[in-house]
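Should a chain be cited, it is by its letter among A, B, C, D and E, assigned in written order, with residues numbered from 1 in that chain.
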Amino acid sequence: MNIERRLVRKDSLEKLFDILRQNKKTVFAPVMKNGKASFKPVGSFSSIAEDYIQTTQSSKEVIFPRVEKFLDYEKNGKEVSIKGFDYQSVTETVLWGVRPCDTIGFGTLNSIFNWDFKDEIFNARLSKTIILSFSCNKSDDYCFCTSVGGNPGSTAGSDILFTKLGADGDYLAEVVTEKGQAIVALASELFEKTESVEKEKFLANVPVKFNQEEIRKKLEKFFKSSQWVEQSLKCLGCGACAFVCPTCACFDIQDDAHGKIGSRMRCWDSCGYSQFTVHTSGHNPRSVQSQRWRQRIMHKFSYMPERLSVYGCTGCGRCSRACPADMNILEHLISIQEVKI
Amino acid sequence: MAEFEPKIVAFVCNWCTYAGADLTGTSRIKYASNVRIVRFPCTGRIDYMLLLKAFDEGADGIIVSGCHPNDCHYTSGNFHARRRWMAFRSLCDFIGIDTRRIKFSWVSAAEGAKWADIVNTTVASVRELGPYDEYKKVAKKPVKEESHG
Amino acid sequence: MAKIGVFICHCGENISATVDCAKVAEVVGKYDGVAISLDYKYMCSDPGQNLIKKAIVEKGLTGVVVASCSPRMHEPTFRKACAEAGLNPYMCEMANLREHCSWVHEKGEATTQKAIDLVRTIVEKVKHNQSLDAIKVPVTKTALVIGGGIAGIQASLDIANSGHKVILIEKDPSIGGHMSQLSETFPTLDCSQCILTPRMVEVAQHPNITLYTYAELESIDGFIGNFKVKIRKKAKSIDEKICTGCGLCTTKCPNKKNPSEFNEGLGNRTAIYVPFPQAVPNKPVIDKALCTYYTKGKCKICEKFCPAHAIRFDQEDEIIEVPVGAIVLATGFAVKKTDFFPEYGYGRHPDIITGLQFERLASASGPTLGEIRRPSDGKIPETIVFVACAGSRDEAKGIPYCSKICCMYTAKHAMLYQHKVHGGKSYVFYMDIRAGGKMYDEFVRRAIEEDGVNYIRGRVSRVYEKNGKLIVKGADTLLGAMPVEIEADMVVLATAGVANEGAEELAQKLHVSYDPYHFFAEAHPKLKPVETNTAGIFLAGACQAPRDIPESVAMASGAAAKVAGLFSQDELTREPLIAVVNRQAPPVFSSCVGCFLCMSACPYHAIEKEEIKNRQGEVLKTVAKVNPGLCQGCGTCVAFCRTKSIDIQGYTHEEVYSEVMALLND
Amino acid sequence: MDDLRKRAKELIDTSAVKVVIGYEQGTGNKTRALFVENSEVADKLIFDSRCVQNLAAYVTKQEVKSKGKMAITATLPVMRAIIQLASEFQVNDDNLIVIGITPESKIIDFKNLEEVETYVHQFQIEIDARNREILDKLDKMTPSERWKFWIDELSPCFKCYACRAACPMCYCSRCTVDFNRPQWIPVSSNELGNLEWHFMRAMHLTGRCVDCDACANACPLAIPINLLTKKMIEDAKSDFGGYQPSLKGENLLSTFKPDDKENFIQ
Amino acid sequence: MTLGFYPGCSLKGSSREYAESVLAVVKAFNIQIQEIDDWNCCGATAAHSLNKELSLALPARVLSLAEKQGLKEIVVPCAACYARLSMTQHELLKNPELKTRIAEINNLEYNGTVSILNVIQMLDRYVTPNLESRVVKPFGHKVACYYGCYLVRPHEILNFDRVEEPLSMDTLMAKTGATPIDWAFKTECCGASLSISRTSSVGRLSGKIVGDASDRGAEAIIVACPMCQSNLDMRRKEINSYLGKRIDIPVLYITQAIGLAIGLDRKALGLQRHFVKVKV
């Protein structure tokens, strides 16, 4: 469908928020705590954070929670009864204040969760989620969306994208999908007709730093490079990068057993951990950190484009910001591009 | 409404308190039936994580008991345990776990009556504190389909 | 898949009176993994045990839970029964329905529910149990006996006579110990030397005994059956092989005025000396601290006179290392000296002496040749006062215990005095007369009734000298605490028996525990009186607590029997309920990271470092390893291990965890 | 800074060590670890007040260790960590040289770890005023209030284990949380899982924590988890007379005194 | 810090010179001292042999007052008072129920924060460190230090000096230049409790003490208890008649002896109040 462009007055945003709440939608929006912005269910408009470049974590948690319970079981004597996932529990959810580099990630996740097996739980959550994103008017040294095919005003993945027109200005609302239109229908008086607006001049300037296609090609012959060891020497082996990433989707299936009852759930995993994909035999296919780091980069820039035709990086820069050892993915990608094989 | 019957788990060493509780039995001293004993070779073996596990699984109170100082069958397990408990208790208190629900005691193999007394007083005091809902709310065990009796 | 048999015992009516056993069996029978569940009147009876055995065979059980009395009662019974039916005995566990349930609660649903909970808990535990095999450790069949007093002598002879090698070490130049110092012995008044000397000679001549006198334990390593001990043979400065023991050197030595240890300072000895005439070995040693040559650089008179040319001034201490399988500690005790007692003049008065000094005065081989004479002026004391409990049973003095032997030897002393000094007056101040023992009380009565010793029940508050007399102030509590003052010529203090100086260090060296008074601690006060907490180390005699001769000898024979039992097999079998550090496939080898906090926590020093090497011999990793010979299975290390790399068999993480889970989740 | 670079070059050029671990300029205002393996790289070494990451976390890292003998630029908390690691047999004089840095940014040349220990022992582990204030505030709360405080503070935790990775004392190759037979700590980063993970971590650091704040600095969600270990340091002081990392290898919880406090035991 | 002072009845009556000498020495060493306001009888002898609660309530009241008046440390020169106060402190701290009961009786709380010193402990803490440098007239005599019964017993509660052979006064006196003798009656009973009722017993009991001191060459007896002092001094007639000879060695409080050594005025030390003339 064609993108519809509307104008939303700056003080109409709160009204829109209230209407969403009145329509019994759960609204997740960025909230500040301990100086970090993160997505939380929000009850009132005033608690939504305003001044942030990027949330610490991506909003993927709303659709791909860090713990997703698949089933409960109960053993009765020698019999076992199972209660599967309750799809009724997935309610209409609005994601408010997402950045374009996050929304684009939902497409990536969608590819991962549907490339062969269709993950119904993921799909149920995604289909019930309405994404109201806000384009970026600020960026920092960590941002590189433009190098990986995105841009600060990209509408990809959004249902409605809002762009703030000037420091104290009103908002341009680009209604991208039917879900977006449904929202407009709920509060049509707030979405005014508008003349053509040059939104680009209100967006942050994020220069292109590398060519991801070049990197992909380079990586085909880069598996044995000493760069992996050099880059990862300071990596401490935590999972922060994967957990803040909008596209990392590795998980582990765990049982939580309590005698006769218990449940099975999906928990986030990270290739940063030394125990990542350790075999029961004790064999560890990636026994040192450099191999795990290589897996991370190769997965995002080589394996995924090859298999899913999408890149596993949106250029949000979260992993670099979160890294306790200051591993900067942008720097490392540039140096990969520069190294001669 | 029926009186609240707290679930009490007791972690005891084999040589003193377990034997002491045996003596309580041999002496036919009656005590509250709310307590369930788990036997360890020594208090030194008792992992503090097990105490948290007991709360996770719905215990309302915990008793930890072993040989009096200098009486340890293994000479010093209880001394080690004592230090560990001290630290454990501080941390529990700091994190806000209700330390009134954890009773530490020394009960020797000759103190059958003391064992009965420890159980009874613990049951009474935990009964007064009520179910440990604060912890249970956080532990959120999967809910059982139908409940027995 | 687990196939567990659950057997609920009624114990007559002991359990079934308050617990509905049939219901327990029925409920538990429905549990996952339970293949058979039944109740029976007496599980420990033969038919009861047969039920279990039959079920093991017919149902192919993988585990057994017997729900009956305390496992402290019948665990061995049922494990044995399981083993007989072909099930690993450690796959059998007991739920304590009697002591912990039926006997302590009223009849009712809550009690039956508790019984069900207890059984379910043990069922879950057994699901995680592992088959275990008894541990076998090789045994070196040589015993080390430390201390050559009567206890050490007896232990050595008994072990040697049962056909095993013994190494006996004694720190003094001769064996014999305190017993060799005694005059006569109670209650028969036979001469101590007369009964002891033949034993000493037997030790020296026994083909199975190697005797090292003037030798001390330097260090010890290893564990039961496999100790490695280093012995320091102090330089005697003579060549023992050449020395004929003629004794000429001791008569020629110009350095004569040294207080004799053997005579408790009441006589003198030379710098080169044999402690007493019947010494074994009867060869002199040079006391380096006193010898003029060693202290001043010249003399060597003994060397000049020695007809055998056996003096070796350049001899040095020698350290030898020997493997032994068991150790008997028989290091004896010491007595408090008179300087310990401020109220009795702090040892400032020469005529206030200890009981052991009195023994030397009364001994025919002593400094007075058996006559009772005052050390100060040699006069025969007309009035003598014996003070029992000098220091003993006195909390203020830090010795709250009874020294046990004093009542008897004080009676003996008073009796000997009366026999030797006709017309002399003797008094004994006592708190209680503790004369438990065969013919002991009769002996004391004899002293009082036949020999006319005056027994005064009361304590002596002070002894002080006035006009050449010793004023003994006390109270007679049988006369209403009437003050008593006796003008005595001599006062004998039955001073408290205490641990040897250095006992604490020796105990630490051997990893043997000790009581607050530094006596070595037995493993169990009643049932393991000669064992220590360290497997393979045994106790004999007064190093464990004050003991008289018959007790010391009995204890020594007991320790010897334990050693002989240990040596009766080539391998030692132990319960496998010990800690183990996990081992995994390369390249991990073990999840242990080698922080060795377990090592500092282990009371038995059972944790060792193991270097894991590749084929080139390079160390890949250093990890902890539990010595199965030393580990006693307390599990203190397990609770310390952050990586959960140590586990204790019989109480593993999975076992105890599943117990807790099962307890709270029905 | 020149002294530091000179010292590093010297160590590399004389083959005294294979790698010098120090700090370099990082992204923006951040600093980060630098591994100097040849003397040209040494010129990138810096040191200033921003250098707070505890580099001791690297000396137990297999890839770093396998390079051969290491040297480390060490501030007081790093030195403490090194001594604690030495007492736990993770480093020794054969594989590590310590280049000490005083609070005035002066270099100290230590001959061996014993000298480092002597230096470290001059300073008690003290809780800073800001955190002390927070601890006091928490102490004044009721246990229920503290419970709510912690459940709330820990709720953002998603168990990325950055705290563990950054902590020099968390060098175990298999953490208790990675142990699943039995599953001591719930894998979920839910309220219970987070609580138990941080509880256990604080217990494991009791008597070992060097108060470097690496855990809290590493936390991407800025959870004040270092309050837990700080509290344990405080309590160790009042209950057992405190501790100092020591080459003697005696740890607060693996040792005992017969007359330790036991007023809480009935 | 201000030291509390509990004189008790003796120091206000029969043994005024003890109080005078304590205060004189304390003043000479610049120690702040303050008498406990509104103090009462310590309950020695009469109360503790008749009624346990009374025997505790009396001293407890004194301790409560001291605590309320902000005193952390009090000096109790009379050995009997010292023993009673110390016993009470011990009993109350050991038994919280009893503490509550006594607080009810007195209508006064006591939290156990007061530390109780006898005169020797006080001297040791505040005087001994500077004593030697202050001596102007060394006490150049052989002295028998007499401790009596109350000062050192019961040991496990007072935890002061050795019970059989105390030495603290001897050490202190040596610092004034005196030569303490070794003798046998340091802690023997002087017969104080029979002083009025059976004076003849005092003659015998105190006689042995004075006799032994004299036989061993003492030129003065040094005491730290008003009962000891009054018996050995005031009952000298009976003592001499028991011994059958005239002994005129004086009996000085340790504070008097120290006062003399550091050159204080004899009158300020109350030496004129003694029965046996102090010629040293």
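In this section, a residue touches a chain if its C-beta (ideal position, glycine included) is under 8 Å from a C-beta of that chain, and two chains touch if they have at least 3 such contacts.
These figures come from a predicted structure and were not determined experimentally.
Counted as hops between touching chains, the shortest connection from subunit B to subunit E is 2. Common neighbours of subunit D and subunit E (chains touching each): C. Looking at which of B-C and C-E shares more C-beta pairs in contact, the answer is the pair B-C. Using the average of C-alpha coordinates as each chain's centre, E ends up farthest from subunit D.
Comparing the CA-atom centres of all chains against that of subunit A, the greatest distance is found for E. Here the chain at the heart of the structure, going by C-alpha means, is B. Per-chain Cα centroids separate subunit B from subunit D by 34 Å.
Our note on geometry: subunit A versus subunit D, Cα centroid distance of 32 Å, whole angstroms. Annotation: 71 Å between the Cα-based centres of subunit A and subunit C.
Averaging C-alpha coordinates per chain places the centre of subunit A 46 Å away from that of subunit B. Shown for subunit B are the residues in touch with two or more other chains, namely 48, 53, 57, 76, 80, 84.
Residue positions 588, 601, 640, 653, 657, 661, 664-666 of subunit C each touch two or more of the other chains.
With touch defined as above, subunit E holds no residue shared between interfaces to two or more other chains. Under the contact rule stated at the top, the pairs of chains that touch are A-B, A-C, A-D, B-C, B-D, C-D, C-E. Interface residues of subunit C facing subunit D in the complex, by the touch rule stated above, are 588, 591, 593-598, 600-601, 622, 640, 642-645, 653-654, 657-658. Residues 341-343, 346, 348, 395-396, 462, 464, 466, 471 of subunit C are the ones touching subunit E in the complex. Residues 155-156, 162-165, 182-184, 188, 212, 215 of subunit E are the ones touching subunit C in the complex. Within the complex, the subunit A residues that touch subunit D are 33-36, 38, 56-57, 66-67, 140-142, 229, 232-234, 236-240, 242-244, 252, 254, 256-257, 265, 267-268, 270, 273-275, 288-290, 320-322, 324-326, 328, 331. Put simply, subunit B touches subunit A in their complex at residues 57, 141-145.
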